[in-house]
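Below, chain A partners chain B and then partners chain C, in two separate complexes.
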Partner chain A sequence: MALPLIVTLWRGLSTEFSLWATLWQARVLPLLGNSLALAGAVTLGSLVLGVLLAWLVERTDLPGRKIFGPLLVATLVIPCYLIAIWHVSFWGPGGLLERALAALLGASIKVPTIYGFVGAWLILVIATYPYVYTLARAALRSLDPQLEEAARSLGAHKLKIFFKVTLPLLAPALAAGGLLTAVYVLSDYGVVATLRYETFTTAIYKQLAGRYDQAPAALLSTVLIALTVILLVIQQRLWGRGRHYYKASQRALPLVRLSVWGRGAAMGLVGLVLFFGLILPSGVSLYWWLESIARPNPAAALWGSSLADLLRYAGNSLFSAATAATLALVLAWPIAYRAVRYEQHGLTRLAQAGQALPGVLIALALALLLHRFVPSLYFTIWALIFAYVIRFFSHALQAVESGLARVPVRLEEAARSLGRSTVSIWRRVTFPLVAPSVAAGWTLVFLNALRELPATLLLRPPGFDTLPVRLWIAAGEGFYAQAAAPALVLIILSLPMLYLLRVGDRPEVRHGD
Partner chain B sequence: MSWLKKLALVTAFVLVPTTLAQPWGELVIYSGRSEPLIVPVIQLFQQQTGIRVTLQSGAATALANLILQEQPNPRADLFIANDAGTLEFLKLKDALQPYISEQIRKIPEQFRARDGSWLGVSGRSRVIMYNTKLLRPEELPKSVFELGDPRWKGKIAMATTRNESVIAWMTALRLVKGDAFTKEYLLKLKANGIVTLNGHTDVRKAVGRGEFALGLVNHYYYHLELRDGSPVGVIYPDQGPTDTGVLVNVAGAALIKNAKHVREAQRFLDFLAAPEAQKLFAELNFEYPLLPGVPTAPGVRALETIKRMPIRLDELGKELEKTLKLLDEVGLG
Partner chain C sequence: MATDFVELRGVRVRLGQFELGPFSLSVKKGELVAVLGPSGSGKTTLLRLIAGFERPNEGSIVIDGHVVADMTHWVEPEDRGVGMVFQDYALFPHLTVAQNIAFGLNKGDSCARVSELLKLVGLDGFAGRYPHELSGGEQQRVALARSLATNPKVLLLDEPFSNLDADLRPKMRAELKLLLQRLNCTTIFVTHDQEEAFELADRVAVLKAGRLEQIDTPENLYRAPATRFVAEFIGHANLLKGRVRGSCIETALGCFILTRPLPEGTLVDVMVRPEEVELEALATPPFSPSPPAPLPPKGEGQGVRVKRVA
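Now for the complex of A and B:
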């Protein structure tokens, strides 16, 4: 699994120094600025938003908080490149909003541009706050009420309690959520490409799709890998230092009473977040879908948006995602088993590296690798499936590991003492006990592969289009009505998976980048 | 078994066979052209000949790369590209095989490879389109070289530099004006905040909406946007007696070396050079038909009235890699 990483690094580091010198000034420095600025701003934004929402839902008497609690993670239903596409078709120049304003007021009003940093920031905050929100909610629930009560009895003000007591207790969860967000932003392709904000991933994509020499792409990738690795190392460190406090009291924390104004503001905020993340994107996609039915475009046939075509794309998506998920679990089993039963974690760590790597990068690495060593696999369905497996392997691994960790070794030892072989023990004893975790892992890999965009764009074999690819190509040329049908099918296909996973409890559901 | 699992199983049984049974046609085409612009032509060919075609659309350079990598056992029989440079580049890499027929000889020699390695099918010139609500006639630039002027800061859009029409135009600039001049010019464009969009359709729509005053496009994108009812005009730049002229490039097709369906591919090439297909390119897409006697679409400026850059199309292929290197140095997206 780490092979692609090594190949890319080797290729990047072995390029001539003159290329480094050329690209450093012209490409690397500006891209570094762009990527870091965006990652920083989005992390900050989603930390503030995620904690605020978690606090409102868990700790205040916000009306309807029981409904809002799960609803606030429902934005994960829509892949984030789709959120970006629909927002652009709504706010963008000549978009639905400008059209509606022109129809209602008769005057043409220009909406401020959504393209660029601000738009990318907004969409990515909407896309990533659920990571922070989920972790912060769990942390808030496990807080010991006595700590805050002690502070209050000493006369501390509400705000002071929040900043001096609650927030420090949340710190490990926040650090984890924040780093998850930052890594996500660095690896995102769909949102920044839609909003015309250039980062490493879009630059690497352009190099891969538009150049014959892949050395510059490998070089840019090397810098991106370095950035990601730095973030991951920090994450590991912080994770290791996660402080645990003894929760003496099982009482629930008292709810904070919001004033009328506070309640209004809180409802406004929740409403706004749901509007941006859920209501507007689904409304706009329904609108375009209805428009494609009401006013059939003569060019529609050319876009391959007939029902038969849709079924074929859905079939392609389901087939490749299901195969990848199955393969990932089969490969994860022995590694996880070794890690859990024999405490050998080296392989696991290495395998997890793939998770943080952008899809664009995995595509590049696979292209370099397969082209050199197994050209017959290059640009086949198997190359694509292999890319999915690498990219989402860590989900499979974690699922199997956590399942195995809960199976007492004694059970296996007992079976062995009865003369069973290893395979037989796995089949008869271990596997039935681990099955639920395996199913969850499978679903997770499947869902993420179903939505995968950048690696699919670069690696799909001729004639093999998936739903994300079709909607991406149509939307990329501004044919939103033709993008609506595959988009809706994609969302509908992922609904049962998200339900199965009870998405709110899992920060590892990627938002499809 | 829950209903959910049943549903999943049923779906799988219906869909997996459709996936696995995707047939390769009797003719496999890799096309770098925008899909809606080539599908009608392929549909007409299928109607006329009954030959089933598998079309893979994508970025031309990526497909060209794929063709190089698939040698000597290619999956595709035919390559359709937007630019003579890409085709000639493949020829120089020995990935094409020549084909000349009676029909193909009717296309003027300047628009095809001398040895028959590739065939120009339709012509296009590199123009500037503008939004008529944003610019008055007296404000219009007369030359592409004016676009480095701070007056145009933030007002110009072009397609990404991974687009082969854009690359060909830059190669032409290098050949006519020299490397140093071209690099300086591109740096000026970059400093002027020129926005590179995903493709030319994006550019024409953005100019049509008034998001940008000017767009660097192939001439037919102006006509397509005009047909959609947008307030746009066109400038044929650098037409003065001492000026460089505009680049006239061709979209073309080529037979891939070691192709498995050579006869079908040859029939397709003949079909592209025949009047019906030539008419389609002219009428659907406002391109210049290259077969003498086929008229351009109404409203399209005739090729003969345009001052053209003094460049042979095969030179674009030889110089391609140098241009890409220059682009990396400039750092234009």
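Now for the complex of A and C:
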């Protein structure tokens, strides 16, 4: 699994120094600035929004908080490039808003442009705040209420308690959520490409897709890998130091009562977030879908938007995602078993390398690798499936590991003492007990692969279109009506994610980039 | 001096299924009162009422002449000047010992005060440690120092010894008693351990299912319990059924002299403390001739099980 990483680094580091020198000034520095600025701003925005929403849902008497609680995570169901696409089709030049304004007022009014840093920032904050939100919520729930009461009995007022007690206690969760967000932003392709903000991923993509010039792409990738690795190392450090406070008291803290104004503002904020993340994207896709039915475009035939075509794309998506998920689980089993039963985690760490890598990078690495060693696999569906497995392998591994950790060794030993072989024990004892976790892991890999965009765009064999690829290409040309049907099918296929999110409250579902 | 410093008047609070009160309780300045009762009797709720973490549904609470809670007044916990030591200490895990103690202090004068308090509780040199690096006893002393730092009018202790090892308790108890006597601080503490309550407290309030059964000195509670529950809960009590006949009470073990007049024929219970019983061997056995089976020795004296054969 780490092979693509090594190949890319080797290729990047072995390029001539002169290329490094020229690219460093012209490309790397501006890209570095762009990527870091966006990652920093989005992380900050997500932290503020995520903590605020978590606090409102967990600790105040916000009306409807029982419904808003899970609903605020539900934005993860819509792949984040879709959120971006529908926002552009709504706010963008000649978009729905301008059309509606023109129809209503009779005058053409220019909406401020959504393209660029601000637009990318807004969409990414809306897309990534659930990472911080879920972690902050869990942390708030496990806070010992006695600590805040102790602070009050010492004469501390609300603000002081928040900044000196609550916030420091949330810090480990916030650091984890913030890093998750930063790593995600660095790996995102769909949103920044849609909003025309240039970062490492879009630059690498252009090098690969346009010129197919691998040397500069590998070089840029090396810098991106370095950035990601720095963040990951920080993350590991923080996890190691993560102080876990147990909750001593079962007593729930009294909810903070919001004033009428506070309540109004809070409802407004929650409403706004849900509008941007959930209502507008689904509403706009429904609108475009209805328009594609009401007013069939003569050019639509070119786009292959008939039902048969749609079913073919869905079939391609389902097949590749399901194969990848199954393969990932089969590969994960022995590694996880080894890690849990014999406490050897070295392999696991290495196998997780793919998790944080942008899809663009994995596509590049596979292209380098296959091109040189197994040209017969290059541009086949297997290259694509292999990319999915590498990218989402860590989900499979984590699921199997956590499942295995809950099966006591004693059970296996008992079965062995009854004269069963290892395979028979796995089949009759271990596997039935781990099955729920395996199912969850399979679904996670499947759903993530289903919505994968950049690696699919770069590695798919000619004529093999998946739902994301189809809607991406259509939307890229401005044929939003033709993008609507595959988008809706994709969203509907993603709905099982709601169940996973409800069960685990874990932000493990990537947003699709 | 002997005026009521903390006063609860007809306080009643309802928390879900549980109801506490109505009851009244007053504590004098400098007094050390223990609240004793089985688990679920509302001891902790009583402390939380005084600290301001629960609001009474009825009645009023007065501290140092100021009404802090009644139907019209409400003083927030942070403005009450009530120090509380929580059952599991609730030390801030992200702050050092010194930072924990200084939490309620103003920046300016905290340094000197912190070292003074550390010395008071015998923890010099622990200032830079984190709570998880301390033993249970040390954590408790930090919690105590932290709540004393702000010079509270009243100190509340919730089961201060329950998280300590059994062999550490007597030592900590003695230390706490000395410290509180030195500070002359009005203190209310909650416990389910009768020995603890009797050793430390000037007066003990016995709670049962949210009601105050009796509040009195340890001596009086033991000698003259107001209710059957108090009699059974405190020490060992042998209760004998009896009937009033003339100036005495007739029981299976013989007649007891009636201490206050009761109508003829009233059914009563007679409490006999174990140490008030003396056993004498009889020549003719109305009791089992075999030697009585000894019970395991317990404190002073010895329990004896006697079988009656008649």
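By definition in this document, the second predicted complex is superposed on the first by the 505 of 513 C-alpha atoms of A that agree within 3 Å, B and C clash if a C-alpha of one lies under 4 Å from a C-alpha of the other, contacts with A are read in each partner's own complex, and residues count from 1 in each chain.
As a convention for this text, a contact is a pair of C-beta atoms (placed from the backbone, for glycine too) under 8 Å apart; a residue touches a chain by one contact, two chains touch by 3 or more.
All values reported here derive from a predicted model rather than from experimental measurement.
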Chain B and chain C placed together on chain A: clash or fit? fit
Margin query: Which partner chains sit in contact with A:Asp309 here, chain B, chain C, both or neither? Use first/second/both/neither.
Written below: neither
Figure out whether A:Ala150 sits in contact with chain B (first) or chain C (second), or with both, or with neither. second
Which of chain B and chain C A:Glu291 touches, first, second, both or neither
neither
Touching partner for A:Leu169 - first (chain B), second (chain C), both, neither:
second
Max touched-residue count on chain A (chain B vs chain C) belongs to chain B
Here the angle between the directions from the C-alpha centre of chain A to those of chain B and chain C, rounded in steps of 10 degrees, is 170
Worksheet item: Thinking of the overlay built on chain A, is A:Leu23 touched by chain B (first), by chain C (second), by both, or by neither?
Response: first
Closest CA approach of chain B to chain C after superposing, in angstrom, is 39
Residue overlap on chain A between the chain B interface and the chain C interface none
Listed in rising order, chain A residues that touch chain C in their complex are 144, 146-147, 149-157, 164-165, 168-169, 171, 243, 245, 248-249
As the complex stands, chain B meets chain A at residues 4, 7-8, 11-12, 14-16, 18-20, 22, 24, 28, 30, 34-36, 39-40, 54-56, 59, 61-62, 64-66, 68-70, 75-76, 89, 160-163, 167, 195, 197-199, 201-202, 205-206, 208-211, 321, 324, 328-331, 333
Listed in rising order, chain C residues that touch chain A in their complex are 51-53, 76-84, 86, 88, 90-94, 103-104, 132, 146-147, 149-150
Within their complex, chain A touches chain B through residues 22-23, 25-27, 30, 93-94, 113, 193, 196, 198, 202-203, 206-213, 216, 299, 301-303, 311-312, 314-316, 318-319, 322, 371, 375, 378-379, 458, 462-464, 473, 476-478, 496, 500
